[in-house]
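Okay, so subunit A shows up in both of these, paired with subunit B first and subunit C after.
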Partner chain A sequence: MLANRKLILAHFWLAFAVFGLALCLGAWQMFVRSPLYVWISDPEWYYRSVTAHGTVMGYVFPTLVAMGFGYAITESALEQRLVGLRWAWVGFWLIVAGAIMAMVPVALGRASVLYTFYPPLIGSAFYYIGVVLVVVGSWIWVALMSINLHVWKRAHPGDPVPLAMFANVAGSYLWAWTAVGAALELLLQIIPVALGFKATIDAGLARVLFSWTLHAIVYFWLIPAYIAFYVIVPRAIGGRLYSDTMARISFILFLIVSMPIGIHHTYADPQVGAGFKFIHSAFTAVVTLPTLFTVFTICASVEIAGRLRGGKGLLGWTAALPWENPIMLAVAFSFIMLGFGGAGGIINMSYQLNASIHNTQWITGHFHLIFGGAVVIMYFALAYDLWPHLTGRSLPDLRLVRTQLWLWFIGMMVTTFPWHWVGILGMPRRMAYYDYTDPALSPQALPVTVSAIGAFILLTSGLLFLFILARGSTASRAEAGPYRFSRPLHPVRSVPLALNSYGIWLALMIALTVTNYGYPIAALVARQDTSVPAIYVGAQ
Partner chain B sequence: MTHPDAHQDTGIAERTERRWATISVIVMIVLPLMAAYAGIHQATMPQPRVETIDPTRLHLSGEFMESNLGTAVEPDGAVTVRAIGQQYSFAPSCILVPAETPMMLRATSADVVHGIMVQGTNINTMLVPGYVSEQSMRFDKTGDYLMPCQEFCSFGHEGMWGKVRVIDKAEFASRAKNGGRLSCVGE
Partner chain C sequence: MSPRQLFSFRNQYFSVGVGVTAAVLLLAALFGFVVLPYAQPKLKFADLWDAICSAAGRPQQSPSSTAAKPTHRLSEVVLTPTTLAHPSQESIGRGATLAQRCAICHGPTGISRAESPNLAGQYVGVIYKQLLDFRSLARTNAVMSPFAAVLSDQDIADLAAYYAYLPRLPAYHPERQLAKPRVVIYGAPIRGIAPCGACHGALDNKTGSPWLEGQSEVYLKEQLQAFASGQRTNDINQQMRNIARAMTPQEIDEAAAYYASQPAEIVKSTD
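What follows is the complex of A and B.
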């Protein structure tokens, strides 16, 4: 059992509890804006719900999963006592306080600005300060990850950092720098206005600063899933990790190229010129590399498992894989969703194709498929994998676990495929109501209905997940043994310094962000004529 | 794993990995090249420069005064559509344009962030207060197109739908003869 199980369980339980609540909101939203429901009498409730759903799913849930998983990795990969346990609890309680502080004004309808903020719309200052507290709490975790690795390195000079920890710390640095964009927007632009110190704001600058965070944050969300691909999957299905080096290169690539690509979210914006849009588009192409490398390495690792189990032939080994193992099922589903979601992402990164789907339901379909699908199903998998080590009890019913994963996969397909389709038909995002009786909109009625049914399949699966975890906490006791990670095909005896430390890569990460964002931000800051009056939301 | 040809296996593994990495890098290079080609050769570029405007004075003077909104045939024969987005409507709410004519849409916001999207086309741009958005457009077919606001602009967002009416080129020319600004509001 893990020594810090209380800390890790606190993170996981809070993460999955708020996930369950936000999932209910999501299903409700899909229902009320579909033809299954007559008419939402007060659309303002819908936007409250969207704000809460986005804030929880975007900022609170994945951050807590990354933190809890990070503490588990620190302890089990480094095989040393967690340094700074008290600070870890401070970080946790900051997130609790921040989440409550942010959600109260949202529930009261005083901050229906969506999780992307959209100034010059301005909501209650408590909402933004709450979000800042959540981020500050997570920065304590970043510091702890770094300190723990430092302590280990001092005790093991020259030894290769275990892959799980190497990736985990890379993810934490990525998050620290990712959050800076939105932090600047909140601290320098929005919060002074929300507190009444200023009455105007540069909406264009705010959008550029937010784009710095908005794209890279998705890599922070997916890093725990990718860590699970590399260090859990091969071990859980009886294979070997094909290449430890490729894994390190992938995480380093994420660190470098996640930030300098965010302007691809503003292709259709008037405040950034075409030149930087093209540069960011080109850099977005680079970020396909770590994913392509990962897909190759994990497929090869899975093939090793298939062949070790007696599988033969070009594809015959797939039949020999342990399909009854939930981790096997989860990684297969995750890759299918990653494939479709990634293909959609390549459409979004091209500014010619982006124009046909920008801000349509295609985009919402896309990020639900890739985050809610490919990534969250791996959150389920890593929770299932860790649970016996956290509770000291074995998960009782693997059939139920498989059912849950199947339902999530089917639900995600049923929800997001029609969602993409209505986006191609030109259905705009974030509306509380659509008039499906309009002849131009009536073709969207059926796909939206199907999508809403998918949302309820997802809700069923999500609640089943919580039920399985709760039951796992009261099942019969069983010692799970130490928590181990997958072994590489070739034992790692030494690793080049560049693949064992971060200095040069962090320098490159910051330098590329400065070259790709420096001019667009400086040009807007230098202009005096761009501040516009704030429009306050809700508070009457 | 013990295998008599362990060395040979390692060689195969490394070659396969290298091949895949090469393919990945080629994909990574080809994608931006395609974007650059389409952008330069077919002129499908986003707005090239940044233009600002004071949203609090739109109605008082200048390009986006009410009397100047709608579709204009400029002295050089070019067609320009000027529009503004505001909570929760577009002005003009029905935009009248000729078919088979390259045009320029110039638009901005009077309050918060909005977006203009014309369904069934790739006309799609953000309206950010303080900045002017410019987008070239051309319609091949006559008919009515819905034009929703595509960005959350507060509680009335779901009601912010405009329309584009594309009419025959000759009919448009005859309506534009007397000058002024054309729209289909109230038709």
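What follows is the complex of A and C.
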């Protein structure tokens, strides 16, 4: 049993509770802008809901999962007492306070700016300060991860850092650095305007700073799922991790190339030069590598499990896999969604192909498939895996768990495939109302309806997930034993210092930030003629 | 291995990591800043440096290019949501005196008996901007332009403050309230028309947009037609021109009639 159960459970319960609420909003949004509903008459309600859904799903939910999982890893992988338990609680309560502070103005319609802020739109200052508190809370976690690793390294000089912790700390460093862009945008640009110290804002610069955060934040969301691929999946299905080294290299690659690629979100923005857009495009192509390495390594690890269970032949081992095991099911679904979503992502990052889907529903379909699909289904998996160790009770009904995962997978496919399709048909995103009676839009009516039905399948699955966890907290007691991670095929006796520390890779990450973002940001800062009047939302 | 040995080219992880990263960066930069700019036949560069600057987002100004001259006078008014937000009592009082000359068309209480706009309780930024535009000839009207020509900055601010201060009264010829036409509720997204209320107050008020309830039907229709024909051009981003051009004559009639039939008291306050 884990010692800091209360801390970890607090993170997970809060994460999944807000996830449940935001999921309800998501389903409502899909419904009201589909042909199934007449129209809510006031688009403000729609944008209010989108802002709440995005802020919770983008900032609060994955951050809490990463933090809770991070504490669990620290304790179980390092096998030492968590240093800074009080600070961990401070971080947690900062996130609670920040989330409430941000959500109250959103609920009141004072901050319907969507979670990506969209300057020159300006909402209530409380919204932005709430988001900053959430980030500050998570930075405490970053510091704690680093400190705990440092304490362990001092006690175990030269020993290989356990893979789970190595990846976890890499993820925390990635988050610390990538959050800087949005933090600069909020503190130097948006909050002064929201507080009334300034009435104009450099929207172009703000967008570039946000792009610094906007893409790498996705990899921060993704890292807990990847950690689960490497350290939970092979153990849970009775296999071995094919390569510990490949895992380390994957996380290192994420650390280096996640960040200097964000300008691929601003291909249509005139304030960034085409040369920099191309560089960011090229580095975005490189970021496919750690995912391809991971898919290869995990498939190999799963094959080991299949063959250990008596599977034979080129593909015959797949039949021998433990498909009744929820983790096996989750990883299979996750990979399918990662495959489709990743292929879509390559289209997004290609300069020319992007032009045909830029700002369409394709994009919303894409990130729901990757994050909501491939990543969140692994959050479910890791929660199921950890739950008995956190509650001291066994999860009662595996069939229900499998049903939940199936529903999530089917729901996500039914939701996002038509969503991509209407994007190709040219349906713009971020709009509250579509006139499906117009001949130009009528072909989109059916796919949008199908997509909205998918949203309700997802809602059912999400609520079922919460029900299973709640039931798991009241089931009969069962000692789950110590929490263990997967064993590599070849035992790790020593690891080169470069793959056991972060110095080189952090230096490369910062250097690439300077080369890829330095000039675009400096040029915009230096120009004096780029500010526009702020547009205050809900100012009435 | 000490940290110094870690950051050494003798450490293969360091040399490969730095080498590959630098190679990808240089190759991408070579393509992004040199090869691709030259690959576009329409772009002409003076030299290599010009191409690089252009790709970096800093095109060199060629001496022959001149900015296109606008065919009409542009509005130069800068408005923010806080413009004239808290006028002094003196300002409102001066405005009341100055407003006597406006009363002949706009009514002694700011409610017009002619087909001129009702000004009582109009948003302060709206009157301020329109008077400035009339004075600078960004907006012209045979009757209004001579009045505006002689106003000082202070006069304009005072008049705006006074009219914004007046209570919103029922229009002079209140009509039966009409049902909301489709174009007012939904706009027409396919044609780029937002619902009127998204700017004009019912849903949200965008700075500089007037509320329209109870205004003269003739006046509203005339303004929409003036925007559509390009005769009125003081909407700085062409937002009204784009909308009016996309509206059908029937939609213009419906929207004007609808707003004229609404009581001004329902307008939301901005403060």
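The rule is simple: the second predicted complex is superposed on the first by the 540 of 540 C-alpha atoms of A that agree within 3 Å, B and C clash if a C-alpha of one lies under 4 Å from a C-alpha of the other, contacts with A are read in each partner's own complex, and residues count from 1 in each chain.
Basically, contacts are C-beta pairs under 8 Å (C-beta built on N, C-alpha and C of every residue); 3 or more make two chains touch, one makes a residue touch a chain.
Computed from a predicted structure; not experimentally measured.
Touch counts on subunit A: comparing subunit C and subunit B, the chain ahead is B. Once the two complexes are laid over each other on the shared chain, residue contacts for A:A498 go to subunit C alone; subunit B is not touched. Legend: residue contacts after superposition of the two complexes on their common chain; A:F276 is shown touching subunit C, with no touch to subunit B.
By the touch criterion defined above, A:L512 lies against subunit C but remains apart from subunit B after alignment on the C-alpha atoms of chain A.
By the touch criterion stated above, A:Y434 is placed in contact with subunit B and with subunit C alike. When both complexes are overlaid on chain A, the residue A:W39 reaches subunit C alone and has no touch with subunit B.
In the superposition on chain A, contact is made by A:F296 with subunit B only, not with subunit C. Look at A:I256: by the touch rule set out above, it reaches subunit C but stays clear of subunit B. In the overlay built on the shared chain, the residue A:F16 is in contact with neither subunit B nor subunit C. By the document's definition of touching, of the two partners only subunit B reaches A:S243; subunit C does not. In the superposition on chain A, the residues of subunit A contacted by subunit B and by subunit C overlap at 43-44, 271-274, 277-278, 281-282, 286, 431, 433-434, 438, 440-441, 523, 533, 535, 537. Contacts from subunit B toward subunit A in the complex involve residues 1, 10, 13, 16-17, 20-21, 23-25, 27-29, 31-32, 34-36, 38-39, 44-52, 54-56, 87, 108, 111-113, 115, 117-120, 122-134, 144, 146, 148-158. Considering their complex, residues 43-44, 46-47, 50, 112, 114, 118, 120-121, 202-204, 207, 240, 242-243, 246, 266-274, 277-278, 281-282, 285-286, 288-289, 292-293, 296, 300, 308, 346, 349-352, 355-356, 358-360, 425-426, 428-434, 438, 440-441, 489-490, 523, 527, 529-533, 535, 537 of subunit A touch subunit B.
Subunit A makes touch with subunit C in their complex at residues 39, 41-44, 196, 199-200, 256, 271-279, 281-283, 286, 431, 433-435, 438, 440-441, 496-499, 501, 503-505, 507-508, 511-512, 515-516, 519-520, 523, 533-540.
For subunit C in complex with subunit A, the touching residues are 1, 3, 6-7, 11, 13-14, 17-18, 21, 24-25, 27-29, 31-33, 36-37, 52, 54-58, 78-82, 185-186, 188-190, 195, 198, 203-207, 268-270.
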